[in-house]
Every structure is written in C-alpha cells, then in structure tokens.
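A, B, C, D, E, F, G and H label the chains in the order they appear, each numbered from 1.
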Amino acid sequence: MTETAAPQVGIVMGSDSDWPVMEDAATALEEFGIAHEVDVVSAHRMPEEMINYGREAAGRGLRVIIAGAGGAAHLPGMLASVTPLPVIGVPVPLRHLDGMDSLLSIVQMPAGVPVATVSVAGARNAGLLAARILGAGSDDAAAAVRERMATFQEELRAAAEKKGA
Amino acid sequence: MTETAAPQVGIVMGSDSDWPVMEDAATALEEFGIAHEVDVVSAHRMPEEMINYGREAAGRGLRVIIAGAGGAAHLPGMLASVTPLPVIGVPVPLRHLDGMDSLLSIVQMPAGVPVATVSVAGARNAGLLAARILGAGSDDAAAAVRERMATFQEELRAAAEKKGA
Amino acid sequence: MTETAAPQVGIVMGSDSDWPVMEDAATALEEFGIAHEVDVVSAHRMPEEMINYGREAAGRGLRVIIAGAGGAAHLPGMLASVTPLPVIGVPVPLRHLDGMDSLLSIVQMPAGVPVATVSVAGARNAGLLAARILGAGSDDAAAAVRERMATFQEELRAAAEKKGA
Amino acid sequence: MTETAAPQVGIVMGSDSDWPVMEDAATALEEFGIAHEVDVVSAHRMPEEMINYGREAAGRGLRVIIAGAGGAAHLPGMLASVTPLPVIGVPVPLRHLDGMDSLLSIVQMPAGVPVATVSVAGARNAGLLAARILGAGSDDAAAAVRERMATFQEELRAAAEKKGA
Amino acid sequence: MTETAAPQVGIVMGSDSDWPVMEDAATALEEFGIAHEVDVVSAHRMPEEMINYGREAAGRGLRVIIAGAGGAAHLPGMLASVTPLPVIGVPVPLRHLDGMDSLLSIVQMPAGVPVATVSVAGARNAGLLAARILGAGSDDAAAAVRERMATFQEELRAAAEKKGA
Amino acid sequence: MTETAAPQVGIVMGSDSDWPVMEDAATALEEFGIAHEVDVVSAHRMPEEMINYGREAAGRGLRVIIAGAGGAAHLPGMLASVTPLPVIGVPVPLRHLDGMDSLLSIVQMPAGVPVATVSVAGARNAGLLAARILGAGSDDAAAAVRERMATFQEELRAAAEKKGA
Amino acid sequence: MTETAAPQVGIVMGSDSDWPVMEDAATALEEFGIAHEVDVVSAHRMPEEMINYGREAAGRGLRVIIAGAGGAAHLPGMLASVTPLPVIGVPVPLRHLDGMDSLLSIVQMPAGVPVATVSVAGARNAGLLAARILGAGSDDAAAAVRERMATFQEELRAAAEKKGA
Amino acid sequence: MTETAAPQVGIVMGSDSDWPVMEDAATALEEFGIAHEVDVVSAHRMPEEMINYGREAAGRGLRVIIAGAGGAAHLPGMLASVTPLPVIGVPVPLRHLDGMDSLLSIVQMPAGVPVATVSVAGARNAGLLAARILGAGSDDAAAAVRERMATFQEELRAAAEKKGA
C-alpha cells in the first residue's frame, strides 16, 4: 500500500483492517497532489518498528504523520512522542463502543505530546488537515497548496449551494 | 490580551472566561519564541467579526489559529470553514458535562472542514501543536522550531526520568 | 426542494443527506397549512450564505427557522446568533455516535443565544413546535393555528385511545 | 414567587429547589419587559394541578410556558401534552449525573408532543427563547420585542467585542 | 390486547409499537397464572386517561402496574404519582440512543414517587417482579405464587446447569 | 444498626460506608411504621453469608429486601437470585463515575432474576417502594399501609402546592 | 463443552449464548497447549453451584479462571470473591448498551476483590492473559509457556510487519 | 520511590502525580510480603526507556508489571506489547472525564496484547491481583502467597461481618 516520490505525509495505521477507513486520507492527499506513503505500523505488535518509524520520519523528509487506530488506540500518541512532526490522529471505530474508546484514547493526550485529532472515522479530514499544515509553510509549494485549498473550499461551497435552491 | 510583533499564531476564544484555560497555549508559544496574538472572538455573539477574523487571518500573516470554546463550541469549526489555515480546537470544560459537549462539538466536524482537536482543557498541547506545525515548514525558522522541539522533548524526557529511580 | 407563497417557516439543513430526516418537519407544517421554504445552507461549506440567510430571514417575512444538522452541528446555533427569530434545532444522527454529538452540539448553547432543541431525528416535532410558536401570536392566523393544534391533539388522543382497549 | 399584570409567560418548576437555576429565566424576561408568573407545579407530587395548569394556560392568556425540572424530568413534556402553547424545557442538574438524565428526559419527546429544550441549567436562554417566540408575532407588541432583541444582540456583540482587543 | 377475569396486574405502554417488547411481561404473568390486563395508555397523547387509569387502578382491584415506554419515558413515573400501587417501569429502546434515554427517564425519579425499574427491554423481568410482589402477600394466593416462584427458580437452575457439563 | 420486632423489610448494604445513603430507606419505613432490620452483607467479602441471608429471608418472615451497593454492585442481583422475595436495588454512587456503574450493575439483570431498581442514591424511594409492595397485599395490614400511602401522597401534594403560589 | 486432562484454566460463562464470544479464549489456550475446561456457571440462576465452582477451583488444580458474562455481569466478581486464584473477566456485549454495562459491572470491583478485566468481547485476550499468568511461574512448564509467548509475539510482529510495506 | 531485594513486581506510572493513587498497589504488596520496585516510566515522555523497561522486565526477574496511567493512558498497553509478563493496568482519573478516558484507553486493547485492567483508581486491587498471580505458581513461594490470600480473604470477611449485626 505504499506510494513513492519523496513523500511528505506518512499515513500509518495499526492494522490493515483500518484501510477502508484510512483510504480517505490518501484520496484527499491525492486530490491536492501531495506525495505520501502508506504503511501498517502497529504500536502493539511491532513497537520497536513503530518507534523507529517515528524517530526516522522527519529525517526521511516526512513533514506530517497521519495515524489511524481503533479501541485502545496508542499509535498516534506513541508516534507523537518520538517525532517533532505534527501527528494527526484518526479514531477508527471498531465493532464495539462505536469509536468512543478510539476517540478518547487518541485525543486525551497528556501535556507535552499533542495529537491533532479528527472525528471518528474522519480520515478525509486528516488528509485535508495535512494539506493545511503543508500550506502553512513559507515556500512556493506551501503557497501552491494554499491556493488549491482556496479552490477546494470554493468548490465545496459551490457544491453545497447547488444542493440548495 | 493581545501581543504584537508579526504574530504567526492567533489564539482566540469564545469568552474571556476561557482565558484561565487558554493561557497555557500562549505560555507554550512563548517558550518556543513564537509571536502570537490573543483575542476574544465569539462565534455566537459577534459572528461577522468571527467570520472576518477567519477570512483575514492568512492575509494578515497568521499561519495557525488556536481556538478555544466550551459547550456547543462552534468557534473552531466556524473559523476552519473560512480560512485555509490549520485550526487547532481546544475543548473548554464548562460547569456541566465536564467538557464532553465541548469535545464532541469541536472534533466531530464534517468531511471537508478539519479541526485539529486536542484534549479537554489541553491548551498547552494546542500551543505545542502549533509549534510542530510551524516546525514542519521548509525555511530556516521552521528548522529552528524543530530544533527547539527536539530540545523540548529531550527536556521532557529528562524531567520524567529524574522523577523515576 | 423549495416551496413558495410567503413562507413563514424556513427549513434548512447542513446537507441534502439530512433530507430524509428533515422531511418530517415539512410534512408537519403542511398538515397545518403553514407555508414554508426548504433549503440547504451549510454552516461549514457556505458560511457567508448561512450568515446572510439568518440575517435576512426576519426581513423576508420568515417567523421561525428550523435547522437540522449532524455531528459537530453548528448550523442551528450560528443561525440563532444572526437572527432575532426563534430557531429550532434538529439533531441529525450520523453514522457514528448515534446523534449524541449532534444533540450536545445543538442544545448546549451559551447564555444569550438560545436554540429550541428537539429530540435526535425529531424533525416532525420541530414542525409541530413551529406551529405552536406561530399559534402563540395574537392575530387571526395564530388563532386558526391554535384551533388546528387543538384538533391535532384530539386526533392524537383518539388514535392512541383506539389502540388501547 | 408569583408576579402579576397579565402574564404572557408562565415559569414553572418541579420543586422550589430549582429556583436558583430557574431564576435566570425570570431575569431575562424582566430585561425584555415581558410580564410573567412563577409557580411550583410538580408533575409527580401534584399531577392534577399540573394538568390543570397546562389545560388552562392558554385560556388564562399565557402564550409561552417555561418548565424546569431535574432527574426523570417529566414536567415540560407533560405540560406540552395538555397545552397547544409552545413549552420550553430547562434541564435542571441534580446531585448526580450532572443533568444528563434531566436533558434526555426532556428532549427525547415522542413525535406529536414537542418540547423546546435548552442547555443544562440554561434558564436564561429559556427566557430569551420565550422573548423570541413572543417577538415572532404579527402585532405591535411583537415588533417591540423584536426591536429589543436586536438591541440585546447588539449589546451582546459589543460586550464580547470589548473583551477582545 | 386486553385480557379479563379480575386482573391483578395492569400492563400498559405508551404506544402499541412497544408491544413486541412488552409482550414478554404478559407471557411471564401467564406462566404464573396471574390474571392481567393489557392497554395502551399514553402519558403524552392521552394524559387525562392516563391519570384516570392510575387513579382508578387500585380501586378496580389491580395490585401492580407494569408500564413500558421509550425515549422521554414519562408513563411509569406519572402513573406512580397517581396510584399507591407499586409501579414497575420497563425502558423500551427506541431507534436512537439504545434505551439509555428511556432508562434514565424512568429510573431517576425524585424522592417521594418510586418506580421499580428493570433493564432496557426487560419486560420479562417486569412480569416476574410483579409475581414476586404478589407473592410477598400474606394470603393463600401469595403463598401459591411463592411456591411457583420457587419451582420457577429451580427450573431456571436446572436448565442452566444442563447447559454446563 | 439492626432493629427488631418481626421485621418485614431487610435493608442490607455492601459496606457500612453506604449507610449515609441507605439511611433514607430506614427513615421512610419508619414513617410508615414498617418494622425492618438493617445489616451489612457484602456480596464480595462474605459471599456465603450473603447467600444465606437471601436463602433464609423469606423463611424468617421478611417480605421485601432493600439492597444498596456501589461500583460493580452485585449485592441486589445476587440476593434476587436466591430469594423469591422482591428485591429493591439502590445504586450507591462511589468516588468515581457518579453512580453510573452502580446503576448499570444493578438494573441490567438477565431475564429470570429481576431487581426493582431505583435512582442513584434513591434510598428514600426504595423505602417507599417497599411500603407500596407491602400495601399491595390483601390483608388488613396492607390496607393500613395503602391508607397511609394515600395520606403520604396527599401530604406530598400539599407541601408542593404550598411552595407554589 | 468440557475438555479434560488436568485442566489448568477454567473457562466459565453465565449462559451458553456467551459461547460464540468466549470460544476465542479456548482457542487461544489451545494454541498454547494449555489444558482447560469449559462450563456454564450462572451466578444468577445457579448461585450455589457458582460459589462451589469458585471454592473448589484451586483445590481441583485450576490455576486461573476466565469468566465471561453480559449486562449486570456478576459472575467474574462473585467467583473472585470465593477463590484465591486470579480471575479474568470478559465483558460480553448483549443486545443493548453494547457491552458498556458488562464492562462496568466487571471492572469496577471494590477494593479487596480484583478481577482482571479485558476488553468488550475480548475473550482471545483473556486466553492470552491466562497464558501469561501461567508463564509467570517458576517451574519448567512456566518457562515453556514464556518461550511460546515470545514466539507468539514474534509471529504477531511478523504478521503485522508483512501487512506493511 | 524504588524498593530493593529481588523485586517480583514492578510498579510503574506515567507521572509522579499518579503516586497518590498508585501507592495503594505498593501497600497491598507489602501486606503480602512481596518484593517490588516502583518507578516513573512515561510512555509519552521517555518512550525508549519505557520500551526498555518492558523488554528487560522478565530478564531482570520481574514476574508481574503493574502500570498506572491517566487520560490517553498508553503505558500499560505499550508495556504489554514488549513483555511476555502479565501486565496489570490501573486507570488513573485525571481532572476531567473522571477516569472514563483512562479506563477505555487501557482496557480496550486489540487481540494479541492483553492488559489485566482493574477499576478506576483501583491500585489496591492491582496489588492484590499481582499477589493472586504469584500465588498461581507451582512452587513453595506461590503456596505461601495462596495461604496468605486465604487468610486475607477470611480477614476481609470477618471485618465485613463485624460491621453487620
């Protein structure tokens, strides 16, 4: 599930069963032409690899990490603890408790280690948030993303308006 | 409550009664030497000003918005709908429901308009997340923030370790 | 989805996907012969239009607004902040959290800006509440609505009684 | 606790221990110069009187009822079932469960019998909502209330703005 | 849905749509040979009839009332306020919130007016609880119910044991 | 904490720290002149004694059991499984979760073993429910309790009414 | 459903309808070659047998008990009160409330009587936790379990890694 | 906060502010004469040290780990992923949400990595569970712990009984 060409965003998830939810993050990034990679990195089943992924992310050129996980969802928070990059957490709803456990496990991080949490199953917004973050930079690429974002928001508005009268 | 000198982060809140919570965001930014401004911008009591604040934020040079609100907390999401900047939402706990209403009102945004939500009353992490976002850029200032973040994380580690054996 | 002829009630919703829920409000108003209009007005995707809708509602002759939205549901509260009219909020349940997020995002409004909230997916009651509000007036039309409401309540009673012994 | 002079709004509560919460409704109405009455009408301890209160409210000239109750809060819904008037429900938080039981007991009414629910302990908004409802009428008194509401909203805005920069 | 022959237990529900849940109460009573009646008595749609039902229940010879309702479930509590008989409340789960609203609306009654609440959709236990209550009396009929209850509990035990090794 | 003279109601609790809550049940019974006993019977710390208490309750002349417990509150349900008597469960709120755990642990009993659950900390209602149950009998003592209950309800009404206008 | 040959772990459940959930515990134990037995032991329908099961468990050679139950789930806690063995509780989700009642009824045990609680429907983890407990011993069998656990964890890691890039 | 002499149980917590809660675990172990160590090991602030602690725990002779953490509590689950030892998780309640976030973050672990979760703030039970686990072994020390546990349970029973009649 990996893409190449100097990825700027790393999308990781605790299990490949999270992919149907997380796929929307990749789609959003593609709409913005933002290179990204996708990987399964389980906090609980391959903790050292997970730590390594986080430790090396900035050095490898990643600028944002999107991490999705469900239940006692530790992946986003653990990655945030080993990288200086912004980490976006996506609460994946599992069979029970409808994602409320995932949400609280991701958003209620202690002071010092923030995770930018989006809605339950909100992977599309995770992708869009990554785009906003990349667009917050000072270089030309950032300006280009900002411009696309303005267009995107205008399209969103137009589509919504069309549904009205 | 405003600070000057080319602010990069705008901290806004729905009411000045949110300041005891939101103050931690300002403190964190100060620790990172990030210029910021602070303002009361109520979505419900001054909606046009709120819309204007969001519309003009990027043009004024802001690169990240931190918005705190409680109860039916609409400020972060409304700002996110009128700016291409990343918006960080801080659920402020009010007298009843312990911030659960604030959290859900902020984090459960519809696809298209992301808010980077932190924990209930987690304003310090909002400031740190803003720093991470600024540090994700490609210029020297970003590199400087990343470096400080690495130092900060090391200090966090050292302080925690010291409390152990 | 718009109806004409001097509408007294405006039914708006954040997305056309809310229509299967919100349709019940229109049906109730039709049963009371109350002219109404229906529109998609998204707080998050077309904020200025939303603000305009609210600002102009009273001037256009609307007397009650019914607003439905789901998740971080900001539409009812935002409209209430820009109109002096009574605003009725309908929490629309989305795929996750069963409408609890919608309910809290609508009902927990800060002091100063009330939203008359009905039950999760309770659009029929929103229509009936609008009728009661119109019936609370002092003119002949209000008296007529009150009379219909008395008949309606009697029919409700009769239907319920018939189901018993 | 009763006031006189052709009351247009009836404020009732299940117990006099609800008064510290419900008082804000009376204050709001006073700010709008709306005549109102206040009474203790317990659904559970004086059910016939409660039914009578609801049955006679419209005939006595009341145009809106505000009902506050806590726990298994049945007063607003029961009154709504015996009056054609709009009924506003205020969930009063009791010692346990922080008003969540009160909120659900009031807002989750079955189709046919709406209650306009405000936030937990949101009695001030109940008063303001009553004002909006009275202001939705077609006569001069309604126009006067609407005008005051516009002033009130402007004052709200000005006060909020003043707290900002 | 009514049965005859000097009913000792009255089973009532807010709507005939509650019958698939409430039927289990009738079945349990039949297993104990306890005469009962079944009726639809809506607190919200026929409040006076509901009050009358409660007021007359003891005089008509009923000794226990079982009341089922969903959402803002007021029937059990309102009946309890107008009868000296023990009232058993069954929280009926509706389409949203899975019965949690029904449970809190029934169980959280104020001091003075108790409702004996059973589990969400626990109508069978409501029937069995009515049997226990009738069996708590001092006459021969009560002794007979107690004896049957002992047999019932032994059968329950035997059936459970048989499922084990 | 035990009282004598042919007790008809047994009040038990999991810990003597529950007494400040459970005391209200005893007070209510005293108001009705119903003889009762009070005991600490812990399901978790003295399970055999608890089983024995339940097994022997009916034979000793008890006609109703009131059981209070907090947290993973097993006492009411376990007693209900070893007695044919009606068991009333009182959810005692502990330091965390505000009694929601106690409530669910008591009310969500499986089919076959009912517990008559009252509100969180609702011991007074437990006592009144026991009185109603004893009043549901066919002998003179029951008639006397019913009469007192009617008086009690009238006093309740009068007191509430007096608090009104 | 019982297996033989000096069982070290007893798997019990309140009802045979819990088996589809609890089966995963047995499967996990089989993967570790740990002899176990399976039984239906209902706290509510066969309390004395349940007490006996717990009292005799250690003497019969059992070293760990896994107990699954749903709703007001009393089996794990009651067994823990009559055995010195570690008891693992599995919250079984029933038709309503999605296992939240089961979880709180099992995990919120009072000080003195611990239950090792796993996730809602987490029977596989209950089996693995039993293996870890047996592996914490000092004899050769424990060393063998520990070794298998290391292999198991490595396989888990390898499988997860394979799903990544 | 560390104790010496061949510790068999390691008590760790995410922050020294958890100590007032976690102290009860140490006290319980002391009552059973079980050697233990205490350390602050933060999953989020010193992740590699945390991983190392878990990786080395078994080799250093620890046989059980007790881990307490609050909010998005990742420590127990992360330790469980890097040790074959049984890990007991204690949900520490923080300032908001009363430990519900801590509980779900600890107990809802994915299949493969169990955490033995106790109640919110239930550190004493964590200590007692560790004792039960050590007592489940086959050697003399285990037999001694089992014996003490029997005495402890008898004392518990006697103390509870004494509080009764």
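Everything that follows uses one rule, which is that a residue touches a chain if its C-beta (ideal position, glycine included) is under 8 Å from a C-beta of that chain, and two chains touch if they have at least 3 such contacts.
Note that the structure is a prediction, hence the values are computed from the model and not measured.
Colleague: Count the residue numbers both chain G and chain H use at their shared interface, divide by all numbers used there, and answer same if that is over half, different if under half.
Modeller: Counting which numbers both chains contribute, over half are shared, so the two copies meet through the same residues.
Colleague: Just how far, in Å, is the C-alpha centre of chain F from the one of chain A?
Modeller: The separation of the two C-alpha centroids amounts to 53 Å.
Colleague: I'd like the Å distance between the centres of chain B and chain C, where a centre is the mean of that chain's Cα atoms.
Modeller: 34
Colleague: What parts of chain D, by residue number, touch at least two of the other chains?
Modeller: Each of 15, 45, 71-72, 81, 97-98, 100, 107-109, 112-113, 115, 119-120, 153, 156 in chain D touches at least two other chains.
Colleague: So which chains actually touch one another? I want all the pairs, not just one.
Modeller: A-B, A-C, A-G, A-H, B-C, B-D, B-H, C-D, C-E, D-E, D-F, E-F, E-G, F-G, F-H, G-H
Colleague: What part of chain A is in contact with chain G in the complex they form?
Modeller: Within the complex, chain A contacts chain G at residues 1-2, 15-16, 37, 39-42, 45-46, 49, 71-72, 95-98.
Colleague: Where on chain B does chain C make contact in their complex?
Modeller: 14-15, 43-45, 47-48, 51, 70-74, 77-78, 80-82, 94, 97, 100-101, 104-110, 112-113, 115
Colleague: Touching residues of chain E toward chain G in the complex: what are they?
Modeller: These residues of chain E touch chain G: 93, 98-100, 119-121, 153, 156-157, 159-161, 163-165.
Colleague: Would you pull the chain E residues touching chain F in the complex into a rising list?
Modeller: Against chain F, the touching part of chain E is residues 24, 58, 63-64, 81, 84-88, 103, 107-109, 111-120, 122, 124-126, 128-129, 132-139, 141-142, 146, 149-150, 153, 156.
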